[in-house]
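Starting off with a structure, shown below.
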Amino acid sequence: MADNFLEAYGKETSRDVGTRTMNYFRELFSLEMPLGRMMKMMPGMIKFATASKDTREDLFKFMPQMMPMMKQAFTGKKEE
Amino acid sequence: MLEQVKDWDDDFYEKFKPIAMGFVNEAEKCLQCGKCTGQCPAAAVTPSYNPRKIIRDLVNGNLKRVLSSVELWQCFFCSGCFSVCPMDINFPFFVFMFRLAAMNEGYGWEDVKQLEGYAEKDYLRKGITVSTFERNPEVVETIGDISKIRMEAGLPPERKVSDRGLAEINMISDLSGMTSFMKKIGGVELLDCKTCNDEQAKRCKTKPLPSKVGKIKTKLRFYNYGEPGGKAHAEA
Amino acid sequence: MSKKTLVIGGGIAGITAAQKIAQNGGEVILIEKEAELGGNFAKLAFTFPVLGDAKALVAKEIDAVKSAAGVEILTYTTLQSCQGSAGDFTVELKSASGTRSENVAAIIVAAGFHYMEPTAYTEYSYGRSKNVVTSLEFEKMAAENRLPQGKARVVFVHCVGSRDKAKGYRYCSKICCSYSAKHAIMMKKANPQSLNYVFYIDIRALGKGYEEFIRSAMEEYNVRYIRGRVAKVIENEGKLIVRAEDSLIGNPVEVEADLVVLASAMEPPEGSRELAQVLGIATDEYGFFQETEANVRPVNSSKPGIFLAGSCTQPMEIAASVAMGGLAASEALTLIK
Amino acid sequence: MPRLDKVTQIPKPEQIFFFKSCVASNKYPGIESCGWESLKILGVEPVDSDEQTCCGGFVTFANVAAPTASMPAVARNLSLAEEKNLDTCVLCNGCWTFLNEFGHFMNHNEEVKASVNMMMNMMGREYKGTSNVYHIAEMFYRLKDDIAKNVKRPLKGVKVATHYGCHYLGGGKYTAIDDAQMPTYMEELIEILGGTVVPYTANRECCGTGFTQIINGKDLSLEHTQHKLDSVQEADPDLLIVQCPYCHSQLDRVQQQLNYRQGANYQTPVIHIAQLIGLGLGLPVPKLAFAAHISGRQRLEEVLDRIGR
Amino acid sequence: MRLRIVEDGVRTTVEQAIHKSLTACLQCSKCGGGCAHTEEFDLTPRQVVESLLDCQDDKVLNSRTIWLCGKNCTGCQAVCPVGLPLNEINAVLREEALARGIEPKYQQPSLVYHKFEHCAKHRGEGEASESIFRGEA
């Protein structure tokens, strides 16, 4: 009964699968904001800003909050 | 081929618990008492589905078996197992998390593909997951015009989410990675009867699964926890 | 200074302790909050693992303690207060006629246990269906010859309240496996036509003769043991539908039963925490009395001069209670002499 | 038996944020209109916002959406109620569990809350976690005295069976107002309205939607629903009451599927608890929107004839 | 598929043939662990005994195990702590199955999951498939 999936995976052990799964979830649930992730967010924010006037205003209100985060993402250091 | 215990990732569960943000916990307390399976609606219709065995495999770290199984996709999400569990193991959350893991391994995309419309056409475009359009192909008869009934009931003819609301959920979708996730699902190629030509029909007979998901190769799933049963299977 | 010993609780542990002290020339006050001595033991019909007549056995012990010189038995009596230290306690005993003060050298707490009321187990229809009973009610039914007649199916459910974090206690009640086997045998003996099913998680039969006793239920009395915790008991037109998983096969199963017996957990006696407060001794997280050292000082409470005996410390079987009563008596005697 | 300590914790507010359900709006509009009107009659004014979207539970648990999208979606919907300083009233078991559980999770996990709030701030919102989520059935049970005072159309002689669904009682076994295995609050409401409660064996069983099984694993889903419907059929109620629009949709539509495919004859009208209360409180028939129901319409008409239109 | 536990079935026949009570089984799994055929079995020898005790006659008689069990191999019997002759049990079950007209089964069914549901042609329900696209905006 065990044949099917053991054959499908070949030489890979559950340990390999476990590591892969763990890396996937680690990335998925990460709360950090590295540059790559920040850049991925940009198109969404631009889309939001162009949706209407009040959305743009709200986003601009957020800008001062965002600057230190951008800085941190670029330099990779946490600002004190 | 026999299963090798040395293959198992025995400390997977311990390492995974802190990452899973509290959704996956308490399984180490499992008594293997079978109370969950005793009341499970899915187990009552197909004998191979068994929450107890899946929990056992997750704690043991036999991930290959869990992730490549069809059984992982047969859960009804009814929370009945959680409601009777003497150790408060919230098994539906396990299923939810490990379905994601299985998708990462390339399993189950064809199931998810069938639900794509709910997210793409309804949730993101209209803000409402279930629209007036019937997405369940099995429903034989529907009530034609719901807007008339809505008006009779004193409601506006159509429930509309404001543009602002739509812009906001679309931004959430973009920022949280849902959009890129949806793109992956969009890459799944399902052989569709509407556009099916002879060559595809032939392929469909021998290889009924989508061939690839973007860059991920979609894999076949197996009944890893026993032979399937149920009424439908008996007929086939 | 007094040479008396106070024994709280007239169950088998308390009776044994009182007897042993009296046999060695000590004086004992045995208090019991109920009308009769005998405790939970007196409510049983049979003992296990040897099927003996429980009522006769306990009656013999009660007679012995009643006739022993130097034992004063006070029923309907509870402990009101307790002051002093080892060798010199002043206790106030409260009964219907009023309170009385006594001076004692040692105190033996043998408050016994209580069968948990499985009212939280609504999935087992307890309280809703009259055919779902606890093991204690089953003993009563057996004594009154009210067991189901004819080709009846009886289901015994283990671990109701034990090994259950959500609705009961995390500990194992130790004796349920054995007494459920005993009940199944009683059922089969009373009604040979009956079909008996026991749903278990593991069989915990430690000690001399226990494993053999449970195997005999399976082999000689043809009781079906199914591994799996019962998930649901649904009442339907006078029958009970019992749903569980046969986890040795991996399939969910269903049994249509006429009677469901829940092996309810042993829990600390009612008011154990209050009693502990009055005596000034410690209890564990569940309300059982805490011993100073589990292995070599099982009868010493956290206060010198107060000794523990029987199932008020942990779930235990009759033989162990008797042994503990004896040990508590000998510890008490050292304070008197 | 309902846990009275939990019931008394539910406030009797003057206003409540009315969180609409997607199935209720687009498939069974009677649920939405009845919930709205009944709350009004009972002295709670529902407040709507056209910015509210679906709770997002379906797409999350169907694995179509990345799970990271679920928390901001919940926070956004709850922040709408928070802006108005109101508690939230939902119509659906799924919405209840999803908003409740994930809101609870964010309240107890500051890191996640902060990261969600960053996204909220971008659109000029903030999630504080002050809005409690109540199911409309809970609200009705809390307001049962007011219901008893306002019964205009007693359900005399109407046999009613209940289906509680899974996610309210099972998923929220510590937060729901009743016991997960043997709930009785809907029965009490039915008795207040003058109906007769019909018990049946499969009461606490899942409706069989199985979240996505109805699309992906039809065989399992339909077989299970058939078990359930067989049991209902045996008891032969005039009405089957649900408290979740998704169960409603499953039990209503599968009857007709099974009739069509297997030649069965299931004809039990399924209605939502809000519609039942609306019926009892004497709402006009078009407001109940029974025209949207598929199975057992004839029987529904008979019931209406019996108790007066 | 919820099994219903009912009265005695083929179990009595087996017990009479082997002159031993099946209740002696400890469910220790020693038999399956040492068996050369375990991988091909749908029910392990232990499960055969358990199913017989549960009176799941159909399940046992329709299983492949009873046909795949080596007829002269006594591996399981040799290690069984209570000495149950499992190969004899299977022989009795084979006879019983033949008497009931159940065909021998050897082939393991495919456990690969094929999904045809998205394709109405495979279900032969063309008219239902129409409804999928009806009204799509």
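Should a chain be cited, it is by its letter among A, B, C, D and E, assigned in written order, with residues numbered from 1 in that chain.
In this section, a residue touches a chain if its C-beta (ideal position, glycine included) is under 8 Å from a C-beta of that chain, and two chains touch if they have at least 3 such contacts.
These figures come from a predicted structure and were not determined experimentally.
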* **Joint neighbours of subunit B and subunit A, given as chain labels** => D, E
* To reach subunit D from subunit A by way of touching chains, what is the minimum number of steps? -> 1
* Structure fact -> With centres defined as the mean of Cα atoms, the chain at greatest distance from subunit C is chain A
* Looking at B-E and C-D, which pair shares more C-beta contacts? -> B-E
* Between subunit B and subunit C, tell me the centre distance in angstrom, where each centre is the average of that chain's C-alpha atoms. => 48
* Asked: Can you give the whole-Å distance between the Cα centres of subunit C and subunit E?
  -> 43
* Whole-Å gap separating subunit B and subunit D, where each centre is the average of the chain's CA atoms -> 23
* Structure fact -> Flagged in subunit C as touching 2+ other chains are 123, 227, 232, 243, 246, 251-253
* Considering subunit B alone, which of its residues make contact with at least two other chains? -> 1-2, 21, 43-47, 84, 100, 111, 114, 138-140, 164, 168, 171, 173, 175, 177, 180, 220, 222, 224, 226, 230
* Multi-chain contact residues (two or more partners), subunit A -> 1-4, 28-29, 45, 48, 55
* Once bound in the complex, which stretches of subunit A touch subunit B? -> 1-9, 12-15, 17-22, 24-26, 28-29, 40-41, 43-45, 47-48, 51-52, 54-55
* What residues of subunit E sit close enough to touch subunit C in their complex? -> 1-5, 7, 21, 23-24, 27, 43, 46-47, 50-51, 53-54, 56
* Asked: For subunit B, which residues count as touching subunit C in their complex?
  -> 29, 31-40, 43-44, 47, 50, 52-53, 84-88, 225-226
* Which of the residues in subunit E come into contact with subunit A in the complex? -> 39, 42, 108, 111-112
* Given the complex with subunit A, which residues does subunit D contribute to the contact? -> 66-68, 111-112, 115, 118, 121-124
